[in-house]
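Okay, so subunit A shows up in both of these, paired with subunit B first and subunit C after.
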Partner chain A sequence: MAPLLKVETLSIAFRTRKGEVQALHEVGFEVAPGEVVGVVGESGSGKSVSAYTVIGLLDQAGRITHGGVEYDGKPVAGRQRELRGREISMIFQNPRAALNPIMPVGQQIADVLKRHALAGRTDARAKAIDLLRQVKINDPEERVDSYPFELSGGMCQRVMIALALACSPRLLIADEPTTGLDVTTQKATMDLVRDLTRARGMSVMLITHDLGMAAEYCDRIVVMEKGHVVESAPVAQLFTDPQHPYTQKLIAASPGPRSQLAELTGGIAAPVSIAPPRPREPGPERLLEVVDLVKEFPRRGGGVFGKKPAPFRAVDGIGFQMMRGESLGLVGESGCGKSTTSSIIARLQDATSGAVVFDGQDILQHPSARFARMPERGRIQMVFQDAHDSLDPRWSAAEAIAQPLRRISGLREAAAVTRRVDELAEMVGLPANLLSRYPHQLSGGQKARVGIARAIATDPLLLILDEPTSALDVSVQAVVLQLLDRLRRDLGMSYIFVSHDLNVVRLLCERVIVMNRGRIVETGTAEEVLHAPRDAYTQKLVSAIPHFEPERLRAS
Partner chain B sequence: MAAIARLRYTVSENPLTVIGFGLFAVFVIMAVFGPAIAPYDPLATRAVNALQPPSMAHPFGTDHLGRDVLSRVIVAARLDLGIALSAVMLSFVVGSALGCLAGFRGGWTDRIVGRLSDTIMAFPLFVLAMGVVATMGNTVQNVIYATAVINLPFYIRVARAEVAVRRNAGYVQAARLSGSSDLRILATQLFPNVLPPMMVQISLNLGWAILNAAGLSFIGLGVRPPAAEWGIMVAEGASYIVSGEWWLALFPGAALMLAVFCFNLMGDGLRDMVDPTRRT
Partner chain C sequence: MEKLSRIGGRILQAIPPVFGVIVITFLLTRALPGDPAVFFAGLMADDSTIAQVRAELGLDHSLPVQFLYYLRDLLQGDLGNSLSTGRPVMTELMARLPASLELTLAGLFLSMAVAIPLGVLAATRPGSWIDHLCRLLVTAGVSLPTFFTGLFLIYVFYYLLGWAPSPLGRLDFLYISPPQVTGFYTIDAILVGDWEVFWAALRQMILPAVTLGLFALAPIARMTRAAMLSALSGDYVRAARASGLGSGRILWVYAFRNAALPVLTTLGMVFSFLLGANVLVEKVFSWPGIGSYAIGALVASDYAAVQGFVLCMALLFVVVNLMIDVMLTLIDPRVGLES
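Now for the complex of A and B:
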């Protein structure tokens, strides 16, 4: 069968401050009619650039230097405007940003229909409602008049899908369609995309960094690295018999339900020796006890005479204990209260009621504003989710790491501070020559290391890790996870690891707490929770994680 | 080395900035060495020489009292730039302190500071400045205070908005974890990060401040004759334009225009210099 889309020896160059940079090097792949092709790679691999070239949305600074794109046997150059929407359409990474915030969603769908003369003024609304029904939005008659801010992220992505499918295109490009969505929402969204495109016999080009998702929803996978296509194979073959070392590295680095921490960076080609994991036994001493913790946020609304609405309970009476040296996973979807809980324990927020007994002392006694100046401050530290945002853009890496040393440890002497900063940088594997750089000159993994070095600078007893790897590429995530594991054993710290990804949590934590709507729904060892979940919510959460299991693929 | 590379980048990104800084350098030289480089005494009157058109001896001509216009334009730079710079510095310091505090604390602090700046904005600004100088007394010092007061709301608003969006940034939380008090966070984390947009505000404001000072002098407030000041010179020369002696008003007016122009050009370059994410 003739391919629907053919990308042939495509090279793209971008003009930048440092001259022209080659983003794609003779990239070639095909999408057959009705086929779902996954384009997989880490950031900077050129997967999005390829997609934007196909649909003709390439940035002004970009330029095709070689090759081209053919759609249905004819080159697309110059015809992208007529192809866009009717033949090829796209769903984007951030659905809320891709929708016009001041226009009801129904009107945005109607606009597309009218633009392509598929609906007139009279029937546009009815057709928009019909499309919303097809993407399984409840009460489409009401939702058609909603604005994007009134809808959840998952619903916005459904609206985007309705928009993309409005003109019955034959090719759908999905550019990381579920980043920023919870796993259960991700599963619902991707199942919907799969069902709708399959029913219409559409081809899909799914761009993702998540190998598990690619394995679950694609027929064939194209692996890209630094602007090159390194491997292209049917799903089962790619996962059971990866040919290229980069593919092998990627597969090894993606944590699955059974992978071991040491294997993540092992790969098949170059096994890295790592100390055999010592049995982790929590010490006998109790480090932390959280008792009936409640955090309420006032709700908006209620006029001068109206009754005040009941406050929103983000954390609803939770309690747990932690031993010294133990590491505990706090798992749940967005809005479940795990971040609020962790920031209360880190004393960045005040609780409404309850107690947090740390090392024999109730630290909630002191308001969070005063806690910064207390000696206990250095005992509890935190690594933030967004390493870039957590570093002051005007401070170099060395200055960022030195900050807690100066303020908490009371190191005043410049030489002593420098010595300790160098020592910390070495511990986290940050090359010394990078210490003078500013955050925007560092890569994601390097910034994560700076954040970790800063957090361990004061020798904390408890380190709170708030999704420290969620913004990192899988291969970098693997290295950072191993680093965290090594630091914990070397320094004898306890971890509270906050994450939505059970597979990652399992690698670092022996015990897991699953939270939903501010309450603890399940606790147990990581293996128990992941492989034999008891609570219905946990079961839903576990089953939504996209997997690739060579055994399962081989069987199918 | 790094400083040179940074300067070269700033210059190559903003070619107009070079013109701005060049003009600024000329004005600074005029302000510092004014009396030394002026060819004549700016206050010396010679009745026989009155209202001479531009010539080799007097490139900008002479005024109604026979004073050399070129010398007066040069010497006036010190007074005009002095008023503008001190007024802008004053409103920058007070305005950014109030704005940062309002943005960081929120709540009542924010409301009080916000209403204060709204109140200032509610007056026609130039009329407010006139009122301040008229009630407090007709001195150069009061012209500075008046100019500072009317520029205050712009600094408050920029600082407040920029701090408010960064108040919960990760690096602020991290600083808190590192044992920094609120005041330290404000001073070491937030204030430096709101500097780049403030720089643009400063350079635009310098232009306005010069115009404002000149405007006050033009209507007879603030600087008084015989002191050389661009606004007064334009005011004095204006009545001679009808009778054909255009040079009296044109040259000080042109100096005024160039000064405002040069500050506006400098804005982007200044921002790029204080922002590390833009210089590397």
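Now for the complex of A and C:
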């Protein structure tokens, strides 16, 4: 069968201040009618650039230097404007930003329909409602007048899908369509895309960094690295018999339900410890005890004279214990209260009621503003989700790491600070020559290391890790996870690892707490929770994680 | 309904600043050097006459009591009498306010008419000649003080070329001002169908309006350009392109309407700048507005007139910002929900 889309020896160069940079090197792949092709790669691999070239939305600085794209047997160059929306359409990551914030969603759908002469003034609204119903939005008659900010992220992506499918195109490009959505929402969204496109016999080009998702929803996978296509094969073949070393590395680095931490970097054993386990001063065996913790936020509404609505309970009376040296996973979807809980334990926020007993004393006694100046501040430290945003852009890596040494540990002497910074950098594997660089000059993995070095600078007993790897590429994530595991054993720390990804949590934590709507729904060892979940919500969460199992693929 | 209550809430919020302004103008004029009672009593007055005048003016009471009297007078629309003319300040301000407003609004609209399209064009073609032209024009606009631009324009267009009428007020003395309806000569002239007067009034207004407009060009054009650039690089514009919408609709309906929000906020600020800049421009063009009135009052230490002027300006400022906020609420569904 003739391919619907054919990308042939496509090379793209970008004009930058430092001259032309080659983004794609003779990239070639095909999408057959009705086929779902996954384009997989890490950041900078050129997967999005390929997609934007196909639909003709390449940045003005980008230029095709070689090859081209054919759609339905004819080159697309010069006619993308007619193809867009009608023949090829696209859905994006961050769906809320992809919708016009000041226009009702129904009108945005109607705009597309009218543009392609599929609806007139009289029937546009009815057709928009019908499309919303097709993407399974409840109460489409009401939702048609909603603005994007009134809808959840998952709903916005459904509206985006309705928008993209409005004119029955034959090719859908999905650019990381579920990044930033919860796993259960991700599954619902991707199932919807699969069902709708299958029913219409559409082709899909799915761009993703998540091999698990590609395995679950694609027929064939194209693996890209640094602007090259390194491998292209049907799903079963790619996972059972990967040919290219990069594909092998990527598959190994993606945490699955059974993978081991050491295997993530392709069977190479984790780096050996650089120091013998540090003897810790003795203390109570129970490091942390959280008792009936409640955090309420006032709700908006109720006018000047109206009755105040009941406050929203983000954390609703939770309690758990943690042993010295233990690593505990805190898992749940957005809004479940896991981040609020962790920032209360880290004393960045005050609780409404309850107690947090850390190393024998109730640290909730002190308001968070005062806690920042107490010696206990150094005993609990935090590694933040966004390694980039949590570093001051005007401080070099060395200054960022030195800050807690000066402010909390009270290290004054410049030579001592420098010595300790060098030591910390070595511990986290940050080359010494990078210490003078600023955040924008560092890669994602290097920034994550700076964040970790800064957190362990005060020699904390408890480290709270708030999704520390969610923004990293899988291969970098693998290395950072190994580093964290090694540091915990070397330095005798305890971890609270906050994440939405059970597969990642399992690698690092012995015990897992699953939260939903501010309450703990299940606790147990990581293996138990992942492989034999008891609670209905946990079961839903576990089954929603996209993953690939070579055994199952081999059998099919 | 929800929108109405939000707008109502916003109007309520305007009350505290108005009250604050009233308190401040009251205190400021009391803090001015000089004793008004001595002024009013005249040069020949003796102590008992001065005391009598002081009692008449209510200045022998304590400050809080004086403030209450002041509030009562304000509520009755009484701003006191001008020292230099002896007429009520309220009447004088009301006679001159339309002149200032007409000029300021003309300057603002002129400026918007040039700056907004320029900003949009510059944003759609960053780095092109039109972008550079935009930058040049706005730099010139902010770097030249209004009194200089005003004098320069008079020199070129009135003295050298003779195209403009003499820069002496709102209307050449050959014409009779139109019957007052709005107080804006151009509009009043149209209302009675007197085109000759309309053109005469417009010709008088062109130079001062251009002077003010040049001054306002920079912030509006820069803001439009920046807001358009960020809107055009927004995900929703990219998504609109991907679904094949026409470029005109993307530019004006998707990008520009979103960009209009920060531009509107800027317009509110620019309008208040213009009210300030007006004072000098009115002097240069002998425009009988409240700006030149205020300068005269200030020089003559006419405290009631100064007080009235400050209060009037502050109220205008509050009202304009209120209007802008109401407009924002109507355009942007998110206003008031995020915070």
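Rule of thumb we're sticking to: the second predicted complex is superposed on the first by the 538 of 556 C-alpha atoms of A that agree within 3 Å, B and C clash if a C-alpha of one lies under 4 Å from a C-alpha of the other, contacts with A are read in each partner's own complex, and residues count from 1 in each chain.
Keep in mind that, in the parts below, a residue touches a chain if its C-beta (ideal position, glycine included) is under 8 Å from a C-beta of that chain, and two chains touch if they have at least 3 such contacts.
Please read these numbers as outputs of a predicted model, since none were measured by experiment.
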Partner chain(s) touched by A:R200 [first = subunit B, second = subunit C, both, neither]: neither
Which superposed partner A:R299 touches (first subunit B, second subunit C, both, neither): neither
First (subunit B), second (subunit C), both or neither touched by A:P404: first
Which superposed partner A:A164 touches (first subunit B, second subunit C, both, neither): second
Contacts of A:Y147 with subunit B and subunit C, given as first, second, both or neither: second
Subunit B versus subunit C as contact partner of A:H531, first or second or both or neither: neither
Residue numbers on subunit A that touch subunit C, as the complex places them: 55, 57, 81-86, 89-90, 92, 94, 97-103, 111-112, 115-116, 147, 149-150, 160, 163-164, 166-167, 300, 303-304
Residues on subunit A engaged by subunit B in the complex (per definition of touch): 343, 346, 348, 369, 372-373, 377-378, 381-382, 384-386, 388-395, 400, 403-404, 407-408, 438, 440-441, 451, 454-455
List of subunit B residues in touch with subunit A within their complex: 169-171, 173-182, 184, 189, 192-193, 276-277, 280
Interface residues, subunit C side, partner subunit A - complex: 5, 9, 234-236, 238-246, 249, 253-254, 257-258, 261, 331-334, 337-338
